[in-house]
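For reference, the structure discussed in these notes is given below.
Chain naming follows the written order as A, B, C and D, and within any one chain the residues start at number 1.
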Amino acid sequence: MTTIAFIGLGIMGGPMAAHLVDAGYDVVGCNLSRPAVDRLVEHGGRGTNSVAEAVAEADVVITMVPDSPDVEGVALGADGIFANAKPGTLYIDCSSIRPDVSRRVADEGTARGFRVVDAPVSGGEIGAVEATLSIMVGGEPDDVALAMPILEKVGRTIVHVGPPGAGQTVKAANQLIVAGTIELVAEAIVFLEAYGVDTEAAVRVLAGGLAGNAILDRKAANMLKREFTPGFRIDLHHKDMGIVTSAAREAGVAIPLGAHVAQLVASLRAQGHGALDHSALLLQVEQLSGRNSS
Amino acid sequence: MTTIAFIGLGIMGGPMAAHLVDAGYDVVGCNLSRPAVDRLVEHGGRGTNSVAEAVAEADVVITMVPDSPDVEGVALGADGIFANAKPGTLYIDCSSIRPDVSRRVADEGTARGFRVVDAPVSGGEIGAVEATLSIMVGGEPDDVALAMPILEKVGRTIVHVGPPGAGQTVKAANQLIVAGTIELVAEAIVFLEAYGVDTEAAVRVLAGGLAGNAILDRKAANMLKREFTPGFRIDLHHKDMGIVTSAAREAGVAIPLGAHVAQLVASLRAQGHGALDHSALLLQVEQLSGRNSS
Amino acid sequence: MTTIAFIGLGIMGGPMAAHLVDAGYDVVGCNLSRPAVDRLVEHGGRGTNSVAEAVAEADVVITMVPDSPDVEGVALGADGIFANAKPGTLYIDCSSIRPDVSRRVADEGTARGFRVVDAPVSGGEIGAVEATLSIMVGGEPDDVALAMPILEKVGRTIVHVGPPGAGQTVKAANQLIVAGTIELVAEAIVFLEAYGVDTEAAVRVLAGGLAGNAILDRKAANMLKREFTPGFRIDLHHKDMGIVTSAAREAGVAIPLGAHVAQLVASLRAQGHGALDHSALLLQVEQLSGRNSS
Amino acid sequence: MTTIAFIGLGIMGGPMAAHLVDAGYDVVGCNLSRPAVDRLVEHGGRGTNSVAEAVAEADVVITMVPDSPDVEGVALGADGIFANAKPGTLYIDCSSIRPDVSRRVADEGTARGFRVVDAPVSGGEIGAVEATLSIMVGGEPDDVALAMPILEKVGRTIVHVGPPGAGQTVKAANQLIVAGTIELVAEAIVFLEAYGVDTEAAVRVLAGGLAGNAILDRKAANMLKREFTPGFRIDLHHKDMGIVTSAAREAGVAIPLGAHVAQLVASLRAQGHGALDHSALLLQVEQLSGRNSS
């Protein structure tokens, strides 16, 4: 029986770990706060407070933590994965972090005899709960092949996109498109409201043509109601826009709209809305149009 | 038997008129250049070179012409619809024009006893050929009800979005989202190529998550191949971006990304690429990134 | 003695007409509201309520009115200049209007035997009061030569920049630079305040180097105090940004920063700040930074 | 006699060190490449290849090096200033670096008993040669007072703007305004050329009004001639735009135009123009307008 150490049982990691229990894996969960561990134990998993302990006996380690420094700490630290897991262990990082950090962690792990795969996800809390995540996988083909059966338990569209770090690069591009599309839909909605159009009908017809997108399908209804409970927080999308703009700058790639929407996300956060869903970009379009709904 | 005068038998109007013939309507086509009329006649319709003649005997008039002045000419001119058609005639304008012009034409027509509906379409040449267009309909409920059975012969998602002109307003919003989404996808593609990612795989996984959109589904494959045969020309999208930025300015609505992408479209056109498909925004992202593929 | 009909005695036109009286011209003022005419009369000029009457006896006509339609009305209307002045009269338009309208008015006037010069000004109320305006002059060399002695009574830097309409084109470029520079200075100030820098000292040193500009010299002190009494109103600068973005679009010229700041000006106006000085762009930078001072 | 160790004798540092020799200081120069040291020796200074040696006997140390890591190396390294200079030595950093790095270096130096002042400059090669630099000084009042007599030998406008690091913060704001103003002037020039205006005359009149700025005064003539010999290289301004956008992001300050022009600078560099003067932003405006002059 395969033992999986799962580090980070938050809004995304929690349901993902539970699916792996359901799929018959022996899952040892580890989390900064205890209640999430208890929930996993109730669901049939095991728990521990120590990363070192969790990974020592694991065949596979999965991390789902907030940011680049967290991954660096858990992977490279004295109490972390590479210092305590058995050589040959497969390490799958599902966090969304900087591609360059992801490559460096993979290099370090490979040098120490580990198999390292980056597998950031898209699809949000609903995708995690329903196991319908899209997963962007970077890594060596053999390592990715080992990871695939596990990832298939938590996602639906799982694609190997390139060498280590490539998953993070695609995730960065994903976040660029998502933020930009939310902003475009927000601008369209405020524009249509200003002209007194039936916006529910408009969203329906927009979704059916070349303007169709997942934001219109999944988020526009809540945007029309000014319902901005996350979902995915502005704070996190701000972090992600920092990743994609830095990586584009590093590569000399022009992302005019990407950089522009990064400013709009940063501004929304600076105004104290970091804890709202990213679709709250609508609030800023309203504000800039002198049409504050609040 | 209902007689429909169809003015404007171009890349969109031609197949739409043919579908109406197939549906059993008596269709009289009229077009600036003769071959398009001949094709309709071969398909079982009738033809004429005179708008006045075409509309005189019609129960319904449909226009599908390039721009606001064309609609004004055809609707309001001495040889045009309101001067020559029978009062009570239903006039459906499928062109994409300025909402304020659309409202003015509707007011003028109503004052003279006509029923006027604006019904711009989205879905491109393929949508016209396959009768799967999305159609945004503005008009009085009774008039829209009369137009519906006809529109259903040429489209799939047909939605009444508000009073006269509202169809054009939604079409303007549609074009804002479409141009913006193309640019976002183009930025993502060039970014991914710069990092050596497998872009076909990346497009697949991006399309499956919250970044999913119709551009990834229908245009990204050609973008990866630098295949920019229209489709929908930059020249026309430039015209449409002028409509939406003017209308937003008029209403005091902020469209920061919309205005930004309008500049990018204008620039691509100024560089001589007006006849390419709008997905050629990719060429400009490459240029700005010093990665010219041509 | 040369008789000058001066149409438009507002915040700019009033002091300009007074300077012409002081210089010994016979000035007949005409204005929509009477008190401005009375002030000119007290200053030694003459007054009338009728444009037709004012221009009938004039050797030179000067207009200083708000917008393109006003110039069209005064120049081309039945009670206007070309219909009532003597052929050969020199017409100097000091208003800031669309270059294409300016060219059309000049063409019309020339066809009717008039000499037409466009001479928009920069320098604001202070420049008008102190007769230190910068004046951008478009017109035929002979006509400009006739206008020069008059313009020298109201301005300091007076430059012939090209054929009819060229003055308006340069004025449009002027407004692009002014709005952009205000925004740049506003961003710098909010940035420096956020870091606790001594901003008065900073403005002093910034003004002395390559970042130096007239906004730092003349407006930054008031910006630091959040003193936004006009000066030049956002409403008018919004009109001017419409002129320059339209003209750039028409010519296929990319003005990425110009178009961006046009959006910011429009947004400030949409939020109800149209009557503030254009340096109030600072308020919006604060708002976007979550640092509202009000 | 005061001994000054001057580290970094490049295009800026070379003339600055020479002025200090002229002013009667005992100047020991140190530079990565030898010829610059030789030139200082010929001018009456002394030279060495070792930072440790240079600073060991100095009363004052000045650095003028390219980037943040260079300052960190020279100040904090084992062969560097704090490890080898006498406690109590005054350290003046004239480089343009990240404000946070500047603060950290100051903290470190203060903790070890040094007096640390940041004093980045503006004015370019001409300003260095003519000793007319603008200098933005950050530091404790007592330390700044000691630095002033020295800085007055190399600059004209020297202003104490705040605590350690504040000089760098103001320099960052300076670079934001400079890049933005160049871009605005470039947009104006291409716009005016497209309309056939006499651009030399236009620059003259623009410089006289509210649009007036140092770029019009010092760089526009060369821009009209497409003469882009540095001056200040795009590569360096790209580095500086990275500093200001990062610092603004860190502080939550919105810099919409600043971020936009940072993209334009990055794009120009990505296209291979990094070695041109920053006024070459004009080339990109031309390119985006389909008006390539090359």
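Simple rule for what comes next: a contact is a pair of C-beta atoms (placed from the backbone, for glycine too) under 8 Å apart; a residue touches a chain by one contact, two chains touch by 3 or more.
From a predicted model like this one, the values you see are computed outputs, not experimental measurements.
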Chain labels contacting chain A and also chain C: B, D
Chain A on chain B, rotation in degrees - Cα superposition, rounded to nearest 5: 180
Selected pair, greater C-beta contact count between B-D and B-C: B-C
Separation of mean Cα positions, chain B and chain A [Å, integer]: 37
Chain centre separation (chain B, chain C; CA means) in Å: 40
Whole-Å gap between the CA centroids of chain B and chain D: 52
Residue numbers of chain B (touch at least two other chains): 252-256, 260, 267, 270, 288-291
Touch list for chain A against partner chain B, complex: 99, 122-124, 127, 133-136, 156-163, 166, 169-170, 172-178, 180-181, 183-185, 187-188, 190-192, 194-198, 201-202, 204-206, 208-215, 218, 244, 247-248, 251-258, 260-261, 264, 285, 288-291
Chain B - residues contacting chain D, complex: 267, 270-272, 287-291
Complex interface listing, chain A residues touching chain D: 242, 249, 252-256, 259-260, 262-263, 266-267, 269-270
